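I am attaching a structure below and will ask some questions about it afterwards.
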Amino acid sequence: MVERIKKGKTLHGIVVHGGVAYTAGIGADDIGQDMEGQTRQICAKIDALLASAGSDKSKLLRAEIFITDMARKPDMDRAWLAWLDESDLPARATIGVADLGDPQRLIEVIVTAAC
Amino acid sequence: MVERIKKGKTLHGIVVHGGVAYTAGIGADDIGQDMEGQTRQICAKIDALLASAGSDKSKLLRAEIFITDMARKPDMDRAWLAWLDESDLPARATIGVADLGDPQRLIEVIVTAAC
Amino acid sequence: MVERIKKGKTLHGIVVHGGVAYTAGIGADDIGQDMEGQTRQICAKIDALLASAGSDKSKLLRAEIFITDMARKPDMDRAWLAWLDESDLPARATIGVADLGDPQRLIEVIVTAAC
């Protein structure tokens, strides 16, 4: 069975199948904030998405993090590591990409979690 | 058991394990077409790949869409949303990247599906 | 149950759940080497990561390969195809991205494997 949650116009925010939750790309709602602020917003949105699927941040399997400016990766890391318990850190890749749809959008994150 | 289908020179087009199908990056065969045309071709190729694995587009879990020009995202969306039933939309991320191997190649898509 | 292996400062190198192993983005340790050399290093690191999770390269499901210079894709392919048995090739996507954190870092690879 496939469970689809948090429908938007073009996607579902999170889809669950076989004990695994697959999120969409998650961006900040307020892209006027800096990298650390946008990352904090994304972490809060991941919390909400995972909760809607009966999961939580302690069950993250992998995070794919796309950022438009690698020089700001330390700011992302600060918010990311403040959010997660050290023992629960997921596998993670951080990739520097050209464009996330708006020059102010600095980061977008896809996560996969157990649930 | 791991089932590998549609072998190419460097990859299999789709690999199935544990009730989940993982596709390769799927691009259009005719990259002379525009974003909407390339997306339509990709959707048809996804249909064929999923069918070969005993799945179909109603079982998509996640799509990762890489495009080289974010300004053409609406054209991609048009073809994408015409292809899928609204209730079956997968989790999705659209990432603007530098290069898909040819300046004419505008889009490449990875999907994960239940099967 | 989620098993986390090879902890680093910001991530685990590989996380296992439900018979699937999810790796972090894997880069070469010596980025002074060229594309072929970096790819060879990454393949060796994938071997070690998969072994730590009770898996191996014959069980790869999908590889997502991020490279900063598409012109060097053939050099990556040479090392990649020398490493894998033809019948075990995973689904694969190769995406040209802007930045992997250092101008010398030419390639980073995420893999998903059965285990």
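So that you can tell them apart, the chains are marked A, B and C in the order they are listed, and the count of residues begins at 1 in each.
Note that in this section contacts are C-beta pairs under 8 Å (C-beta built on N, C-alpha and C of every residue); 3 or more make two chains touch, one makes a residue touch a chain.
Here the structure is a predicted model, which is why all the values come from computation and not from measurement.
In this structure chain A contacts its sequence twin chain C using mostly different residue numbers, the overlap staying below half. The rotation relating chain A to chain B, fitted on Cα atoms, comes to 120°, given as a multiple of 5.
Between chain A and chain C the centroid-to-centroid distance comes to 21 Å (mean Cα coordinates, whole Å). Multi-chain contact residues of chain A (touching two or more other chains): 18, 20, 97-98. By the touch rule above, chain B contacts chain C in their complex via residues 2, 4, 7-8, 10-15, 17-18, 20, 22-25, 66, 97-101, 108, 110.
On the chain B side of its complex with chain A, the touching residues are 18-20, 59-64, 68, 70, 73, 77, 80-81, 86-98, 112, 114.
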